[in-house]
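Some structures are shown below for you to check.
One chain, chain A, appears in both complexes that follow, with chain B as partner in the first and chain C in the second.
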Partner chain A sequence: MRNSRTGWLLLSPTLIILLIFGFAPFLYVLFVGFNQWNVFSAEDGLIFNGLDNFRRLVFDADFLHSVGLTARFAIFAIGSEVVLGFVLAQMLTRNFPGKSLFRIIHTLPLMVAPIAVGAIWRLLVIPGFGPVPFFLDRWFDLQYQIGTYPDQALWTSVIMDVWHWTPFVTLTMLAGLTAIPKEPVEQAKVDGASRFQVFWYVTLPFLRPVLLTTVFIRIMDAIRTVDEVWMLAGGGPGTRFTGIYIWRVVFPRTDYGYGSSISIITLYLTIVLCWLLFIAISGRRKGETE
Partner chain B sequence: MKKIFTLVLLLAFALLANMSLVTADHHGWWVEAAAPYAGTTIRGVSESTPPSNYVADVLAAQFTELTGINVEFETTSWDQMYSKAINDMEANTGIYDFVYIEQDIIYSYLAQDYLVNLTQFAGDNPDLAYASYDESAFTSFADYFKNADGDLFGVPMEAFVKVYLYRKDLFEDADIMAAFEADYGYALAPAETFEQYRDNAEFFTAYGESMDMDLWGTTVQGSTGHPASTYEFLESIGPSFGLYNWGINLETGSAQSANGGALDGDTAVAALDYWVGLLPFAPPEATSSTWDEVASSFAAGRAAQGWVYGENAAWIATDDSRSAITGNVGVRLPVTAEGVIEAAEMGDGYIGYYDGGAFGIPHSSRNKEATLLWLQFIGQPSVQAEWAAAGARITHTATFDDPLIAEQDTKVDGYYTLLEEQGPLFAGAPPFPFHAQVREIIDPFIHRVILGELTAAEGLSQAAMAVDEELDRLGYGM
Partner chain C sequence: MTTSLRQRVLRLAGTYAFWIFGTLVTLIPIWWMFVVSMRSRVELFGRPNLMLSRFFTENYTNVLTDSAFQRYMTNSIVVSTSNAVLVMVLALLATYALSRYKLTGRDNIFFWLITNRMAPPAAFLLPLFIMFTRTFRIGGWTLYDTQIGLILLYCVFNLPFAIWLLKGVVDGIPIELDDAAMIDGAGLWGVLRHVIVPLAAPGLAVTGILSWVFAWNEYLFAANLTSVNARTITTGLAEFVTVTGTNWGELAAMSMITLIPSAVIVIVAQRYIVMGLTFGAVKE
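Coming up: the complex of A and B.
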């Protein structure tokens, strides 16, 4: 009993902080989401409008478009990061000349703030001044203008995200790979398993918890991506992701009610997506236990 | 003779003594008035523009030296400036003691009662009222920051018009002039009609390509990820075609032609069609360009002509460290459709945007008295001329006659004279209490027209409908 009380006492600062800075704001956003509230409207204050905001977003073409774009961004960026991260992590489990230097250089992007990453990439790709459009035009006669071609803006965002976050995936994968016991791998090889069979039946199952955690983190990051993409293209065509759309609704439009409802739905979609992914990767079904 | 000489000498001495006494007296007034607030730090936020940067780099330091009041002045991006100021004032947090009020947002701020009535506040605090600060010294631009009673809510700190700039070195080159005349059958000159503007743009783009130069025919403030493109269309191109007040009829609360609006009307469609039609003659960065990039592109010599905010005119024309075309900048009124200038002269319209802003004190400020001193400091006549020369902004009528400005005027091809004499043809943004909200609604449609996903007619028709829906939601609709 005393142990339990001491435990709660020790936990209480964390719980209080979580309650104040995590749960209370969430409840507030939930409350605002059921109201019409624009500070520049003719009527002051919050006006309860039930589910109107949620109904509105179902028919909001811009919001739906932003969800579609975010999904494309997340799938391509995270997919590339996982594949690249795994390959690099495999590489780093072996010895090769310059490995330490490579590991340092490879990890550097992780240390750069997202806003700085966006600024660097903007300087690289800005039409008229950036080296990337210049050389693409000179060498391949390719018109590369992220302000004019939405697909180019989207792909540039994906590549920028991959550049920024692949090191994170590599490091987590590397931790997972080095934690795999040698015996099952060696046993599989002795039993005549091919490299692919070793990977599929031994490495991947051991790596599954790490993979799941990494993908979860990256999905949450990708869905709330704002700063670096904002710096890159200002939320222009091809990059008006959900996070940027929410920012536009809440800040320049000061439509706090509608912005809150979009935030709630985005959170809900993130949770559902992560849950579905959890089931898919872990293979857990209803009724199964640990 | 000796007596006269002695008399003149005595008079001169007396005058000098009097001047130094006045200066010392003024200095003493600031020190005395600011004494209770010495050591206080006042904070402000503004967009990073040439006039704002002058405030941050020069005026803030001078004020601190004189009064002991510290000024922390944040110059940031346009979007961030608005977000920070509005959030602070709405939440009443009191982070900022003075905020930049762009002319177009003043109506929203006044409607929300965010700002302190400066005239009244100074009247209530006579000890803080500086004798040389005179509200009547401001140009008529200050009227945008007054209420119906004539009380001022912001001290104007910048005011300029968006003008037509062109490269004199190109337009006055004999070979180029001959080539143009051979191609188009009339003499090359700064544009006075839209057809001429387009011909110029087309010609210089082709010329740049044939000479393997990084030169295009025109600037276009056509960012597809920023409101700058909407602003260029609604506040520069639209009015020059005769589209006023964003095509929104405040009486009917509608932007649709069917309900008295004009955003989807023939004039608006013609204006947007024309403007988007200039994109092939603009530098490749045009679709990523806000007002800053337009000024930079023009300063880099990448466009032969363009619509450029006047605050940039001075540095583009004179600052060798930032501009490749110093000494070669021509300034004219922007081109207009037939009858638009006449309508503006009659007071029935305007030809473009009279832009600018003021510093105001939010009610949420915790240091209103110290900030009032600061605003009077930047609003006094003695600091105006150098500030105007650095930032191409004029807010005091007397500044136009200052010798420094007269000298600068010749270097900027008469920009200041144009501002003084033809400034009244321009106008500030319409008095919308929903400025940013409705502009945000229009943005995506303008962006899609620029990208070619919608025609001008489709884009404006959809925009007008969306604006009406938003006006309804905001409670300003029909």
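Coming up: the complex of A and C.
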């Protein structure tokens, strides 16, 4: 009754679109990554240079710096989002008057365009009329200028990302928490488990797949963040994440070959990281059903 | 449970304190943008004042009466709505295929679909630009600067997300229901229409909403693959940041306007968003 040809037929429009607009550009980038191609260089056009680009990026301090920054950004942002999101979701499982209003307000940042998020935060932190530098200076005597201090720029990006994406984590966690069956939790309480024990031995294992999926999606999106950070700091020091670094190599410097090879490596690293998480998620699920 | 009234009141007060604080953190950045959008250029500088003393609506009227802005707005609406509908339909078909048919390499296909969302956009702009200006060329017509180009391109990051979200939902629908419908004489479309779509409705709704929002919010591709005719509103937003000085008031006004449709959607569809976001990771 279930003919696999029908299955392929149903899948084909998706596959066709993704092959054309996703996979073909990927092949092109892969190809260019093995070539020297810089519009401003003396030689014109593509020149095959094997692994030279990849050898170059291993020693490229700027690139390594951008990877380090991206890692710090992703770890701190996603870490805080998961903790905050869990706490907020936990608070939302209780019933109290006005709950849905708070939930709606909390969901708002998720819907703001990244470029507008960048604009909002830039308005907050811009020297001259932004309230953040003004009040930090006045109340704490703190010099706050994201254009000057790389660390402050990085932390501002992290806070901005947390502001923008925590609602997403809260919503997935909330969906996960509400789907947890009541009995095991009640049973654990009856058996005299402390609140922490209930959380650690009952809630968390049930929540694990949701948690990993959420982290997966956040990692995927955090690594390729460009718009909002660009709008916030214009690629200033402390915010040269890999996505922005690629942008700088490809556009102002028109070093297409090198930019492509960086993209390939970044994509590769993202895929490996996500593949491990994917195995953790689906392996767990298989274990449950069999 | 014996909790005294006092304890209950205290707990409720704690909850409200927590949420009011959370609400302030969430809203102050947006509020500040609103304040900026309500001020003239001169008023912005000096001591930052979070209070709004008077309404200065010129920024809004400037933006709203701008014919370019109106075109951007129309483009954004057309592109994100078409994209969301397309993504919902394709993702449902693809998910159904992945969930119900024994296709060779099913798990690998699924993972490959997701990897499409991971590509760092900057380097991929180049091949896409070539594709849009040269590869798809019929006479003088190219994909570049067209709505259809953006609609199809946005599938690259929306479809993986949508399929992932729906996969869990469709997996959660017992296959026996399909079989029962088929025994009653329903064909594939019948099963999809009368079994899958109604049962997956919350998931489908979330898929549509989030695809719409992602497409509405997209900037990088729209900025580089359109020029005049198909520019979207986020691109217009970034145009306010210029070398000669940014018009912060109008930028803020336009950001506020961009925010409105998404906010309306959240408020209207709040319930479905929570119901549909489980990624099928939890099964009863």
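Throughout what follows, the second predicted complex is superposed on the first by the 271 of 290 C-alpha atoms of A that agree within 3 Å, B and C clash if a C-alpha of one lies under 4 Å from a C-alpha of the other, contacts with A are read in each partner's own complex, and residues count from 1 in each chain.
Just so it is clear, a contact is a pair of C-beta atoms (placed from the backbone, for glycine too) under 8 Å apart; a residue touches a chain by one contact, two chains touch by 3 or more.
Values in this document were obtained by computation on a predicted structure and should not be read as measured data.
**Student:** Who wins on chain A residues touched, chain B or chain C?
**Tutor:** C
**Student:** Based on the superposed arrangement, let me know which partner A:Asp255 touches: chain B (first), chain C (second), both, or neither?
**Tutor:** Touch status of A:Asp255: first partner only.
**Student:** Please indicate which partner A:Ala233 is in contact with in the superposed arrangement: first for chain B, second for chain C, both, or neither.
**Tutor:** The answer is first: A:Ala233 touches chain B but not chain C.
**Student:** Looking at the overlay, what does A:Gly128 touch: chain B (first), chain C (second), both, or neither?
**Tutor:** In the superposition, A:Gly128 touches chain B and chain C alike.
**Student:** If you stack the two complexes on chain A, which partner ends up touching A:Phe48: first (chain B), second (chain C), both, or neither?
**Tutor:** neither
**Student:** Considering only touches as defined above, state whether A:Trp200 meets chain B (first), chain C (second), both or neither.
**Tutor:** A:Trp200: touches no partner chain.
**Student:** Once the structures are superposed on A, label A:Phe26 by its partner contacts, choosing first (chain B), second (chain C), both or neither.
**Tutor:** second
**Student:** Starting from the residues of chain A touching chain B, keep only those that also touch chain C in the other complex, and list them.
**Tutor:** On chain A, the overlap between the chain B and chain C contacts is residues 128-129, 251.
**Student:** Give the list of chain A residues in touch with chain C in this complex.
**Tutor:** Against chain C, chain A makes touches at 1-4, 6-11, 13-15, 17-18, 20-26, 28-29, 32, 88, 91, 94, 96, 98, 100, 102-116, 119-121, 123-124, 128-131, 134-135, 163, 171-172, 174-176, 178-181, 206-207, 209-210, 212-213, 217, 220-221, 223-224, 226-227, 231, 242-244, 246-247, 250-251, 256, 259-260, 262-263, 266-267, 270-271, 274-275, 278, 281-282, 285, 288.
**Student:** Please give the residue numbers of chain C that touch chain A in the complex, ascending.
**Tutor:** Touching chain A: residues 12, 15-16, 18-19, 22-23, 25-27, 29-30, 32-33, 36, 44-48, 50, 90-91, 93-94, 96-98, 100-104, 107, 109, 111, 113-128, 130-131, 152-153, 155-156, 159-161, 163-164, 179, 182, 188, 213, 216-217, 219-220, 234, 237-238, 241, 248, 251-252, 255, 258-259, 262-263, 265-267, 270, 273-279, 281-284 of chain C.
**Student:** For chain B, which residues count as touching chain A in their complex?
**Tutor:** Contacts found on chain B: 79, 82-83, 86-87, 90, 108, 111-112, 214, 222-227, 283-289, 297, 302, 433-434, 436-437, 439-441, 444, 447-448, 451, 473-476.
**Student:** Per the contact definition, I'd like the list of chain A residues that touch chain B in the complex.
**Tutor:** Residues of chain A touching chain B: 36, 38-43, 62, 126-129, 133, 143, 145-148, 150, 233-237, 239-240, 248, 251-255.
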